[in-house]
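Contents: one structure, followed by commentary.
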């Protein structure tokens, strides 16, 4: 929000929003996602642009909303989905592709490493957009991560249904993150960050996680403390 | 000696994926070996694929060739049968694995007490070796890794490199003992030479060979075998009778279509521009090779997979194994956790379907949906989409009573009910904030959760819901005349 | 089993074909618009077909690939082939050579090795030879592949399989760059047995160390006739 307002845009946040339906759809409860799709359309159909700070949610919308609408047989819903989807952007996508900015006036004097979440990489094909945005942050020290594209092991309900495998994947991912000796690990998805950050906290080390928006929001006016306290 | 894993998902009482995975995750050495093996092959694959500016065009062609073939599968199978028969081959049809085994047995039984075999996933699928042994016929494995496993009366430890658990000293000791070579050296070359001589005796003296098939060519009635060691060429050329068992999904329309398959398969499977040997033959060639040739076409539920419009592209698979090597889950568990001949991402979608979704129901959930498999699949099977689709089938496939009261279904419906209404959602958030209080530790985080949610806190802490949700913050800001925005994270993940 | 049982309505064949047809009807609807041939022709083939390389470029590429495999590579002019063959066989200490019928007699040195032709040789007679000399129908440069098309009249598969040494004479005019070009050249031979050889046999099954030559010829030499 801060970033977008700094760039001069007006933000609205429809209070009534809840969830994109990914959790249901991906776990095999596909019919249960339909009401959530309708809700999303209802709340956002008049928006000029919809900004979603989560690549997994945007993936859900782009890859499955049309299918869900088709399966419902509701022609109105189908056309509304088709009209709204092109106006939906993941946060970093919005900045670089739609608004054409790669420099957002951010200042963040810390060592940061970037995790390519699976959805941002393989579904949204964000490529190096997030990196380009991070590179333009003043005073940041960006450290590349080995195996940055290795899945962190969250996978939604996968982490609950297969906690041991999920934990093993996280263990390996953490080794690569810790090797960078960064202070902060960032990504475009809070789901990954919750998973990674949770383990970091358990280990009582010096690293913590921040969503990329938090880093891009940080500026000389109101620096965000980067010690993980809230 | 059968090479099916001990844990067999076709047996419904068999442990599910999470349970099967646990002991494997604790085997640090095996995990490290799997990581190394898959890492090596992935690196090689990346190099030889990186060389190909037309790689995506090849994938597109591969996908369309396979989709087209399945659409006209009846036509192509009949054409193959006709052409292969005209060239002197015999074509048999088998509805399931048991029928395929009976056909093979009938062809082998009165001619020999021993058969030589090229490794085939299809004959493992049908359990052919067990059937042969039960009938008093010894199957002799001729792939080096399978030979090592067989001589050691062992079990394969890994689908990609079955003898990964044996180092060279162990192999040397094994060969010295079983082949009566007390002075055998220890270098890999010595061991390969011992295997060469031992197997050559078998190749030259066994009248019946059994193989699978990589591709059946409808246009010519021909068969193509793709291999590295040369044991394939031996089995296909030297015996009097050759029996090839092939799933009905192995068929491709024309000889020309090999130009696509033989580019994408070796690069994806072993990271080579081309594997050492590819053999193509058609029926019987008088004076060159076996006097008798039989093909057994196997259905074994492949026709059921065809019925599911969203999942039928599972049958596009050309068995390259690239998905296994790319999979971050397989990387941690290896193949045995999947309890099936077909492991890794393709196994997670093929195995439950071949079992009519009656077993293997944990397999579609054995994935974080990261998409790495889809990225590397040479014929563009959208494995993540099929996994999601099969999860839907698992849920709707539950018997009615269970469907309503299955704990997971109850939770899902409850969450959907909450998400469908913003008042309920706000109430739920507030309730969550209150409920979490006893769980928050001095660190400010939640370090332990009960029961099923405890899966999370076994290895991770959980940041509690913030005292003010984003919507509350936004609402407050809008109603205040001055604003000093407090930052907070977006409430939804 | 009689034909009636094999093809009758209760046969496995009928059942499987019926299941396929019903599955496809369910998914695609009753009638298919296109014939198999018409549909096959709609398959997109935007991958590389032709070679931008010159003759010299192709020879260089295949030489590189063959050397990577550990094969010996000896380019020479047509008139020199026999001498080259003699020299190679001498240096490899191969005396008793099996000769495939696709070998041009002009390639054979008059002195030196003993030649054995396949007149219904037994497997042990084949094995008794030091090596085998063959021609090659087409060679694919990009993958370092030698494609042998076999006939039972003197060039059957066992000849290039059992001996431990393989000397292959490749006419440079038959070298293509891409795999599709290779299959195009093989099209007239598609009903013959075909063996594609891309390096000597290999396995990496012992401690992930790549070992060459488990079965099949362990040593491969190529003469490229320019």
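Miscellaneous remarks
Per-chain numbering from 1; labels A, B and C assigned in written order.
One rule holds for everything that comes next: contacts are C-beta pairs under 8 Å (C-beta built on N, C-alpha and C of every residue); 3 or more make two chains touch, one makes a residue touch a chain.
Please read these numbers as outputs of a predicted model, since none were measured by experiment.
Of all chains present, the one whose mean CA position sits nearest the global mean of protein CA atoms is B. Relative to chain A, the chain whose mean Cα position lies farthest away is C. Distance between chain B and chain C, defined via averaged C-alpha coordinates, is recorded as 29 Å. Chain B has its Cα centroid 31 Å from the Cα centroid of chain A. Here the CA centre of chain A is 52 Å from the CA centre of chain C. Not a single residue in chain B touches at least two other chains. On the chain A side of its complex with chain B, the touching residues are 1-2, 13, 15-21, 23-30, 32-33, 35-36, 39, 53-54, 56-57, 63, 118-119, 121-123, 149-151, 153-172, 189-191, 194-195, 197-199, 201-202, 211, 213-214, 217, 222, 224, 229-230. Residues 36-37, 40, 53-54, 57-58, 60-61, 64-65, 68, 70-78, 87, 92-95, 99, 143-145, 148, 161-164, 166-168, 171, 188-189, 191-192, 195-196, 199-200, 203-204, 219-220, 222, 228-231, 233-234, 236-238, 248, 253-256, 258-260, 262-263, 272-282, 285-289, 297, 299, 303-304, 306-307, 309, 312 of chain B are the ones touching chain C in the complex. Interface residues of chain C facing chain B in the complex, by the touch rule stated above, are 11-13, 15-17, 19-24, 26-28, 32, 36, 39-40, 42-48, 65, 123-124, 140, 142-145, 150-153, 156-158, 161, 179-180, 182-184, 186-187, 190-209, 211, 213-216.
Residues 17-18, 21-22, 25, 31, 328-329, 331-333, 364-372, 374-375, 385, 388, 390-396, 408-409, 412-413, 415-416, 418-422, 425, 443-445, 447, 452-453, 455-456, 458-463, 466, 470-471, 474-475, 485, 487-490, 492-493 of chain B touch chain A in their complex.
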